[in-house]
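Working notes, beginning with the structure itself.
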Amino acid sequence: MDDHGLDQTAEQPEGGPLERDSLFEAPPMVEQERMVEAVLFASSEPVTLRDLAGRMPHGCNPGEAVEHLRKRYEGRGVRVVRVGDAWAVRTAPDLGFLMQKEIVETRKLSRAAIETLAIIAYHQPVTRAEIEEIRGVSVSRGTIDQLLEMEWIRLGRRRMTPGRPVTFVVTPSFLDHFGLESARDLPGLKELRAAGLLENRPPPGALPIGHGEDGEHEIGEQPELFEE
Amino acid sequence: MSEQNLFDDVATQSVEERLAAEALIVDVEGYEGPLDLLLTLSRTQKVDLRRISVLELARQYLTFVDRAKELRIELAADYLVMAAWLAFLKSRLLLPPDPEEEGPSGEELAAHLAFQLERLQAMRDAAARLMGRDQRGRDFFARGKGEDVERIRSVTYSASLLDLMQGYARIRTKDDFRPFVMDRDSVYTMEEALERMRSLIGFTGSWTDMLSYLPDGWHTDPVRRRSATAATFAASLQLVKEGKLEIRQSESFSAIQLRSLDEEN
Amino acid sequence: MDDHGLDQTAEQPEGGPLERDSLFEAPPMVEQERMVEAVLFASSEPVTLRDLAGRMPHGCNPGEAVEHLRKRYEGRGVRVVRVGDAWAVRTAPDLGFLMQKEIVETRKLSRAAIETLAIIAYHQPVTRAEIEEIRGVSVSRGTIDQLLEMEWIRLGRRRMTPGRPVTFVVTPSFLDHFGLESARDLPGLKELRAAGLLENRPPPGALPIGHGEDGEHEIGEQPELFEE
């Protein structure tokens, strides 16, 4: 289709082999796809494009190769999925029934922990006081601890409000565990936002809800370590 | 007075509702605080949470709390705080707005409560949807065995954020546990206070603020003031015990007053 | 065999282990292939045909499915290979060079190193004498060297005090490793405690944690993190 041969190299036609006009020409896209396939299959954890680029020969375009690979595996027994800014191969969820042997019993999370996790995911970055305000009870010791330990949440930036409280956000392993490409893909996020349910509305006057009885709140009021 | 009201409330409840309330009370341990309970109560209204009657909800809650009291079920303090607040909200909603009154209107407060309930419900639904998703290790799986083709052996050291924070906490806690050395400069002892009080109370015929007994130079610096206040208070109690002094306080946090209890009086 | 027209593809070919006519039709071969693909991928050991048959629905022919799958992967980045009398997915040998991700042995950082690191993170820039004062024990040369070598700490500005001691600060790769956006996001003592991270409560009579009128302040007075 392309008669004067020199159509841009950058726009690689699918799988089209490269005309080698340089010693260090990147390998053809089919070859790049094979490489990505090998690396993603070999790793049980998601691999970033950056990491892929670091391993592949100079000049490769891992992003494009991943995209080809993803298409190739559509509808197959394993799939190429995106996790944050990384990629991984995972079995198709409808085949879970075959995997009785592989199932890992995870520690059962308490209702409080599940709700706290959901609040962090939907409201992130969110402070402890805000979680308490939403749930109407103080966050018990150990709940946050447990989520941190599972590496489903981590510390975000401190909130620039008095007391500069720490915030929590969810991690890539959280995304991986729940098969989410990004936190934007949380189910129902848009609807919740549109309904104003993710807003942090200050109560008119003082409401008794969400104010843990004892010292838990100091967080909000206490001058912080890195206060100037 | 509110009892009459309460009876009305109870009377207007259907048998079914009362049974439901009874079940709630028995189960009170199962609730994660007042907001959780309110959310459960709101379900009996069977309407969209945005159109819920907060007034009705307040009534239900107050009935619940009263019934729990009747049944001698201990309710945690925050349930009672919520009851007091809802009683206040109820009165605001029932009475015509007083132009003199400051602060948010009953409707604003009610709207915010409705918002909180809706938001909590929304988060619960979201949590359920999240947990209902396909999960790694249960529904879909990663590569069973990563491949090790070539081992270029090297050692890295790892530590998690938890390790780091716990490590810091450990040091700093240890710090706080160091043998406690009294900073004598800022401590006023009870013995000193007692000595001072004994020589002064003879002159106190009428009620006098306890703070006026603090020694000179101990009023301004908060640390010294705290120590002197505590010591003077303890000394006062001692003198009351000895029958030399009377002590009174009209309400919480108001001034503590002393009067000498002389033989003549 | 089955005359009422349910034209299900899977005519059991020769060698089909299960000749008994069953109530349930076996899934179509493409579907069986998907199943084998998922199982071989997720399993940590090579899987025998017998094991496959045990996992797959009644009437399946894993032998044939494996054969299809093997053909499908010919020339790809990974291959279906026979290991003894079992099957597994393996990286194509010509792509082994991509797999030279150094197999790293991970060891837990020593307690002394963690504590030293924590102090640097919380108090930076901090001198060695200050670290020793906070820890209450001397810091071995090796500990600092190790942290420097890991590139989790680096030298900061010299302190403008007699002797002009060097100071230590944490590096961006430290932040990266611990998933922090800045060292300021580390929680303070009260927050640590609220999160249940303080293992022990103070013995009765000790000072409440976090009121240390001493230590905390110096942090506030320090100039910038990551100076210049």
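As written, the chain order gives the labels A, B and C, with residue 1 at the start of each chain.
The rule is simple: a residue touches a chain if its C-beta (ideal position, glycine included) is under 8 Å from a C-beta of that chain, and two chains touch if they have at least 3 such contacts.
None of these values were measured; they are calculated from a predicted model.
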Chain whose Cα centroid lies nearest the overall Cα centroid: A
Most widely separated chain from chain B, with each centre as the mean of CA atoms: C
Distance between the centres, which are taken as Cα means, of chain C and chain A, whole angstrom: 14
Distance from the mean Cα position of chain C to that of chain B, given in whole angstrom: 40
Chain A and chain B: spacing of chain centres that average the CA atoms, whole Å: 36
Residues of chain A engaged with two or more neighbouring chains: 41-42, 89, 91-92, 99, 102, 145, 148, 154-155
Numbers and ranges of chain B residues touching at least 2 other chains: 141-145, 147, 149, 161-162
Residues on chain A engaged by chain C in the complex (per definition of touch): 33-39, 41-42, 55-56, 75-78, 89, 91-92, 95, 98-102, 128, 141-142, 144-145, 148, 154-158, 165-167, 171, 216, 218-219, 222, 224-228
Residues of chain A defined as touching chain B within the complex: 41-45, 88-93, 96, 99, 102-104, 106, 111-112, 114-115, 117-119, 121-122, 134-137, 145, 148-149, 154-155, 176-180, 186-188, 192, 195, 197, 201, 203-205, 207-210, 213
Contact footprint of chain A on chain C as seen in their complex: 33-39, 41-44, 55-56, 76-78, 89, 91-92, 95, 98-99, 101, 122, 179-182, 184-191, 194-197, 210, 216, 219-220
In the complex with chain A, residue positions of chain B that touch it: 32-36, 77-78, 81-82, 84-85, 103-104, 108-109, 112-113, 115-116, 118-120, 122-127, 129-131, 133-147, 149, 161-162
Residues on chain B engaged by chain C in the complex (per definition of touch): 141-145, 147-177, 180
